[in-house]
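Same chain, two partners: subunit A is paired with subunit B first, then with subunit C.
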Partner chain A sequence: MSQRLPKFPFLGRLLMQLPSPLGVLPLIAVLIVWQILQKGNSPYFPPPSAWWSGIVQSAATGKLLPACLASLQTILVGMVLATAAGVMLGVLIGLSRRTARALGPLLEFCRAMPPPAIVPLAILFLGYDERMKLTIVVISAMWPILLNTASAIQRIHPILLDVATSFHLSFYERIRFVAIPSVMPSILLGVRIALPLTIVLTLLVEILTSIEGVGALMITAQRNFQSGQLYGLLVLVGLFGFFLNTVFSMIQAIILRRWPPRSIPA
Partner chain B sequence: MADQARRSGINWAGLAVLLALLVVWEASVRFGLIAFEFVPAPSSIAAGAIRLSREGILFTDLLHTLMSIAMGWGIAMVIGISIGLLLGFSSIARKFGLASVEILRPMPGIAFAPLGLLLFGFSLQTELVVTVLPTIWPVMINTMGGVANIHPRLTDVGQTLRLSPTEIVRHLLLPAALPSIIVGARISLSLALVMAIVAEIVGNPAGLGYGIVREQQAMNPDLMFAYIAVVGILGIVLNAGVLAVTTVLWPASTRSMA
Partner chain C sequence: MSDPVFECRSASVTLSLSGGARPIISDINLDIQQAEFLSIVGPSGTGKTTLLRMLGGLLHPTSGEVRVNGAILTGPPEGVVIVFQDYANALLQWRTVAANVAFGIERKLPAKECTDRVNAALDLVGLSRRAEDYPWQLSGGMQQRVQIARALALRPAVMLMDEPFAALDAMTKAGLQDELLRLRDQTRTSFVFITHDIEEAVYLGDRVAVLKGSPGRIEDIVKIELPSLRDQISTRQMPEFLAYRYGLHKAIGHG
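Take a look at the complex of A and B:
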């Protein structure tokens, strides 16, 4: 089932999937036109050169790097915890049809709840600190992973379970050799949905509470009408998202290399 | 899970768990088992919701949120579907545009909130900026994918039948891409709800999102919980509503969905 593929062609194929680099031309054209048309330092639409000087200025005060690290830390730690919790609960819920059915409406309600709505609630209970930021991120990012895992466990082909029974596999072995391999693509899909959510929530909490992070820097820049810096931070956040997304796609592709192609969700 | 419930009627076990949870919650607040002063009993949350709806605030807020979702989603659909069709049909557009889309797409929508505030202040425009921009992507990507994944033979069939290019697009290609576009529209709608709430929390003091923050700052936990419950119910209703509408209008489009 898993052919041993040489390493290089695999990376090559990954690169082949990327869109043509010519596609960034419109973006660059817009930026150049913007720079040329916008001469002065407009309070609303500053030219890209002002974005850069804003970022440099922010870095010079020594606030930029700690803020970036704080946000990145929340996103990564939150993601890891949410994945661990989501997969564990998802497997437990998915293994028993009765539990899944009994918890179904509750889970549906939690999933339908837009995560930002619980932010004020968490502020009320946990106060303004680092822990609250992480709690919100974990709780909200957990749902897509949990629900994807649970439904994938339920969709495991019955024959696989029969095989596990005939082999007298223990509970642990069932999870290790039957459940996890069957649901890995779905787990990764859940993580993929959760990743942008963690970024949004981290920034939201930082904007709302001014806990250290890029979001707090952005809202401060807005309040002080430092529009150049705000646009610069916006680009930075965009790069953040692009970078995390790309890294995760690569990790996903590397993990799923050992899975048969048809099980990879489109 | 939802399929299962539909097949065997009402999910009594699930409802029983929900009810039991509410009863335990009520009892533990009544008998002082929860020491937090901020946890209201379900009964006082319900009372709060009733009070809010009597005063008419809840309805006004709900209406505002629904209106901004509708506007934001509508604008995002128009932009997303048009660009998606362009990228799907024209390989030149894909070559010279797709990478830009891929760079802009992971941009978290919330990051536009400070920008919206800078440009428009605390206003509906800010809310629309925050709602529209992230909502464009799912429908755009699904439209593009739906068009790009149409089997080339479909165009051959059209040409064999001597249909004009516009007829091929209108009668063969668009219907073939429709299921994928609808899935994108659904994802966009639930995103529009999330972003509208975000925008109301940070950018536009109106609607359900602002209601939650307002009651949190006024230290009215019962009213805050009431708003949160309404938001959750709105999420369920919107999702179910769109699913029902698409099932009725395009039965084939929901069949292929997992």
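Take a look at the complex of A and C:
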């Protein structure tokens, strides 16, 4: 039963979060074949070399870097806010059946609302700016975090809550020292689901509203028939998502080192 | 004799379950003195845990009353600590052993004193070398010792223990039994100690209460008049010890 602290296995676990280099090979092969077969400059399927020149062109105008930074900022800030909101609401809903019942219908209603549908409303209230972008991203991406947190809170073992009561913890201390840490694996799972959602929503809002960001560049490229650039931006977005996901997996592995491996939801 | 620490006056607990109200324990009359070691034995399902939760202020008696130091119990009383039967769920699995032991005192004491108490408590249960491990890396018996250390670090006036040694091997169990008795003599802590092991109840107890029936009632309270300095070998061989053991087995209904 007794098990010593795994030191090396932890490093191994961290490295396991990294994608295998072999996994990229088929992708590279497809790109090479594409490049070779595509001789003429097709407007629908431009060869990868045209993607590259499209990106270089975009960078040369000085628009690419600010757009990337703007999108990245929305994604990261949105992620932080969505996590804070999701955990806070999730804890309140999970802890009190009365809150759950009172807020239930409203939450179900909000959750059922497709994010693009709230864009016009958000523009009406907040105008075309960064705040509007963030609001939509946060409101739509917090659901998986909220729901994961709430259901994990409801599943906390009653004995653990008895321990908190018996040691005279205040309401705030119960949340901070018992409830949140005991559901940490579920919170991180929620964040993990929310991360790609945040990326999608950020781009979507940028595409719909042309507020500064990679999404706005994409819609501009499409309107100007710069298909090479469009493909290039698509690859860039893919790399973005890939990179953020990998970084998050590592952070998750580091945090969850302290939790029983069994308790970590897949 | 001074005033009792705990007094139960015809206390009963009835739970309202889906199938209707169900009496769990009924008409409990019990006094617990300072520095007294009270063992409670009884078949499983008779409400021993429920009784302990009531004393710990986690459950209100539906009728009758419970007093701590003369005042009616309204919630978990100061200076009373529970060691739960279900140790795996009673520990904060994401905290190291040392941080678990500090859980009851870290918000009340300066860091230095906290560390000293944690170290002392871990030393007492023989887990100093596992201080930086996590509970899920320990065996069941070790986890239970972490929970006991967490209770001890609080330096409580009363310790309520629910079958605390059930997961321990015989050697460790004997060592901890003597440690509890020594603590009682040194610190005048009172113990309410639930066990299903009648020998253990007699060896440790100044009195042994027998809980029986459904709803559980206190069938009998036996005063154990053995020499107060108990010894694992000689005490257990005394004719009086064997007589108590026999009598309690009969009282519980083991023929």
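The rule is simple: the second predicted complex is superposed on the first by the 252 of 266 C-alpha atoms of A that agree within 3 Å, B and C clash if a C-alpha of one lies under 4 Å from a C-alpha of the other, contacts with A are read in each partner's own complex, and residues count from 1 in each chain.
Basically, a residue touches a chain if its C-beta (ideal position, glycine included) is under 8 Å from a C-beta of that chain, and two chains touch if they have at least 3 such contacts.
Predicted model only: the values in this text are computed from it and were never measured.
When both complexes are superposed on subunit A, subunit B and subunit C end up sitting side by side without clashing.
When the shared chain is aligned, subunit C comes close enough to touch A:Asp162, but subunit B does not.
Once the two complexes are overlaid on the shared chain, A:Arg258 sits against subunit C while remaining clear of subunit B.
With both complexes superposed, B is the one of subunit B and subunit C in contact with more subunit A residues.
Once the two complexes are overlaid on the shared chain, A:Gly228 sits clear of subunit B and of subunit C alike. Contacts of A:Pro144 after superposition: neither subunit B nor subunit C is touched. Of the two partner chains, subunit B is the only one that A:Ile118 touches; subunit C does not reach it. In the superposition on chain A, A:Gly190 makes contact with neither subunit B nor subunit C. By the touch criterion defined above, A:Leu27 reaches subunit B but does not reach subunit C. After overlaying the two complexes on the shared chain, residue contacts for A:Pro46 are found with neither subunit B nor subunit C. Taking every C-alpha of subunit B against every C-alpha of subunit C after the fit on chain A, the minimum distance is 11 Å. The touching residues of subunit A, counted against subunit C in their complex, run 1-5, 157, 159-160, 162-163, 165-168, 173, 177-178, 181-182, 184, 258-263. Contact residues on subunit B toward subunit A in their complex (touch as defined above): 1-2, 4-5, 11, 13-18, 21, 36, 38, 94-104, 106-115, 117-119, 193-194, 197-198, 201-202, 208-209, 212-213, 216, 221, 224-225, 227-228, 231-232, 235-236, 239.
Touching subunit A in their complex are the following residues of subunit C: 53, 56-58, 75-76, 78, 81-82, 84, 86, 89-90, 92-95, 103-104, 107, 132-134, 136-140, 142. Contacts from subunit A toward subunit B in the complex involve residues 18-27, 44, 98, 100-109, 112-121, 123-125, 150-151, 154, 196, 199-200, 203-204, 207-208, 215, 218-219, 221-222, 225, 227, 230-231, 233-234, 237-238, 241-242, 244-245.
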